[in-house]
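One chain, chain A, appears in both complexes that follow, with chain B as partner in the first and chain C in the second.
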Partner chain A sequence: MTKEKINNNFSDLEKDILQEIMNIAFGKASADLAELIDIYVLLSVPDIKIIGMGSLPDYIKNTISAYKEVSIVDQKFWGDFNGSGILLFQNSAGRDLITILEDRSYKNFEINSLVTLEKEIFLEIGNILIGACVGKIAELLNTFVTYSPPLVFDENSDGYGSFPQSFDPFQTAIIMKTIFKFKQKNIDGLLLIITNQESIGWLQKNLHRFLDSYQ
Partner chain B sequence: MIKKILIVDDSPVARMMLKSCIPKNKSYDIYEAENGKDGVEKYKHLVPDVVFMDLTMPVLDGYEATSQIINMNNEAIIIVSTADIQPNSISTIKKFGAFMVIEKPPKSSSIQVALAKADIKLEKVSGAA
Partner chain C sequence: MIFAQIFEMINTGIVILDKDLKVYKWNKWMEIHSKISADQIVGASLFTFFPDLNTAWFLRSFKSVFSFGNFLFFSQKLHRYCFPFKAVNILGLNFEYMQQSCTMGPLRDKNNQIEYIFITVQDVTEIAAYEQKLIEMNVKDGLTGIYNRRYLEVRLKDEIKRAKRYSRPLSLIMIDIDFFKKINDIYGHQCGDYVLKTFSTLISSVMRKIDIFARYGGEEFCCVLPETCLLSATKVAEKFRKRVEKEIFNFDGKQMKITISQGVSERTEKITSADDLLKKADHALYEAKRLGRNKVFAIE
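Let's look at the complex of A and B:
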């Protein structure tokens, strides 16, 4: 059994606040995406979970049943609130997204490989959704974050198989999950915002500050 | 004059935030519903003057709930309070009969403006009846 340190001190109220903040943040991210490309994002109610990082690989695999056919965009963020934004798409989404973006500047990109183009599109959409979502969470909680460049993996990439194991198993993960659908192309995706042990105390304090500003 | 307000949102935190933005000095009767289905049922029972409606909810979403309420009463005043601020979502819910859309998180100023506009519409509707 994996030795894990799980912080279960999150109250139901704190999870509810986090869920509403994630809802607002992903709404903003979707609107930003819709402004840039002609796409309509169907939103779902976010789900908040607190688990040990050691359980994260299984969580990701169980959440995405066809895990081997998924492309992953991973972008780390740093600050009082730090962690990873992870966007998962079915691989088949790449071609569909190309058709949406064909009329855009991508047409003129000097990219000679379809696979490279698909990766660029996943990176671009991941960058917008993760950046806008994490940025809005940071704004609502009165802080700011910096980002590492996003990385994209598929089954042919180095590190793809080991990605789920790349998180420190001794940490606690707060997972904010939202499932979405790009309506025109029937593309499903999943966004996970995962934060770690170091952010938990700060996060709890600032969730209450956020709510107190309404009382 | 607005007397009864129904807030429909699956998030207890969102309901609490919205309620805190509603002016306290008006003595409104405020009711809550936790999803679209609950909202439609409470609308039938309470016949509120104004409904604040979320869009993304389990069981029955805000689009369907708005449509069902407008089918019951096409003068129903439904103010959509949502995080989904995509132009498509806003135009769709307005086609369904929403009176106006306000962005989450709510602000006291935007809620007060929305209630003032709702009051004017309510007076027009009462005057025409």
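Let's look at the complex of A and C:
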């Protein structure tokens, strides 16, 4: 393993520890989702990228535009470990997701339209998936985070165009990217966990602490 | 001490539950709105007092917060409310129950272990009532109370997209009241307004709930039928025609009958915009009139 230092002094070793933490965290998250709330989701091996100053808005823009007809769920989290969880779903997934949560008697709720219902479903699933993944990472790093309410939008929403710009270009960010797939239905999407510069120092310290606890 | 006072004074409901769904804390706000005192409920299972909360989604949320430490936000838009409390706001009279925005999250002990979960309850009835009024003003036609043209155009666009995405059928009926100008000329505009209103109520009462019925212009109306092919839509139009033909309109001691002409179109591969579908239905409507009115004409 090369010990070459990369952007913002985040070493390859640190990247490897983070990768390992994510593997464990996502494994636990999907096991718990299945066991506790009957949501069966497969999470791919996460890909970690360190994005330098100035590149974050473009990275987000390119990632989003690679998908057509996409709905985006964005949820901020903060604590020692802070940043954003972003989920990308194909719009057509909305209807299938409704059936996954079928036992939730949506009939009881007055819904203006199917479009509204789909949006709310994206929010709910997004909230759970982001919460499970981020929560497990935080747990392994011996901390906890709090969350702001998630937002959902698609190409037709007002916030769509300006979304990539909402990320500070002067920040170095760590992007953890994974593809998720629901077992019950053929639905997949992309989960990005972006943590910003403020938490990188803290993260490095705790990654080493994590490693030490195994040595 | 100070926090205990805030806990009781804050204008938000706060409930704290333990792992077994037993109530650990119940603040004043909850006492006032539920009419259940903390003495009664603390130590008891939440479901004893609120059996309706014993649903798959509530348990799922509860378990998820306990195991992931995440926050859950129950929006008023989807859930309306978690706790069935009487609406107290004057503006909220359209709502039987207080509209609530609720949050559920973890409470940890010194070792970061989740010991309790909290639920906060905010009364958003007033906001929901304003929103409802604004939406109504924006999407409804002032005279007839059915949807307006702007709403029709927005929804038709959405529905065309949906139909395309899932390859589902979608049809449109365009309706025109025959010789409507004569009613205005003979009986006066008030009578004309009465006919438009009564006609709108009549159609609304016979159509399916998922269809979108709107006033398109003066005496022209449109009905969008999702998940419906041309043949079924034509049958619906025929039902409308028969029902209207049968109806006797009473205004100011005078009795009158009206008939309607209707054009029906269905979305095909070639049709990509709302405009195209409207044009095709308009063309069919023209044919229905040319054939002598009180007719349904469908274009493949």
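Heads up, the rule we're going with is that the second predicted complex is superposed on the first by the 184 of 215 C-alpha atoms of A that agree within 3 Å, B and C clash if a C-alpha of one lies under 4 Å from a C-alpha of the other, contacts with A are read in each partner's own complex, and residues count from 1 in each chain.
To be clear about the criterion, contacts are C-beta pairs under 8 Å (C-beta built on N, C-alpha and C of every residue); 3 or more make two chains touch, one makes a residue touch a chain.
The shown structure was predicted, so the numbers you read here are calculated from the model rather than taken from an experiment.
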Name the contact category of A:92: first (chain B only), second (chain C only), both, or neither.
-> second
So, does A:151 touch the first partner chain B, the second partner chain C, both, or neither?
-> neither
A:50 contacts which: chain B (first), chain C (second), both, neither?
-> neither
Which superposed partner A:214 touches (first chain B, second chain C, both, neither) = first
Contacts of A:179 with chain B and chain C, given as first, second, both or neither | neither
Please indicate which partner A:20 is in contact with in the superposed arrangement: first for chain B, second for chain C, both, or neither.
-> first
After superposition on the shared chain, which partner residues are touched by A:127: those of chain B (first), chain C (second), both, or neither?
-> second
Looking at chain A, does chain B or chain C touch a larger number of its residues?
-> C
So, A:31: does it touch chain B (first), chain C (second), both, or neither?
-> first
Intersection of chain A interface sets (partners chain B, chain C) | none
For chain C, which residues are in contact with chain A within the complex?
-> 55-57, 60, 63-64, 67-73, 75, 77-80, 103, 105-106, 108, 112, 155, 158, 162, 165-166
Under the touch definition given earlier, write down the residues of chain A that touch chain B in their complex.
-> 13, 16-17, 19-20, 23-28, 30-31, 34, 40-41, 43-45, 140, 211, 214-215
For the chain A and chain C complex, residues of the former touching the latter = 29, 32, 36-38, 69, 91-92, 95, 101, 103-105, 109-111, 113-117, 120, 123-124, 127-128, 130-132, 134-136, 138-139, 142-147, 149-150
Contact footprint of chain A on chain B as seen in their complex = 10-14, 16-17, 20-21, 55-58, 82-89, 104-105
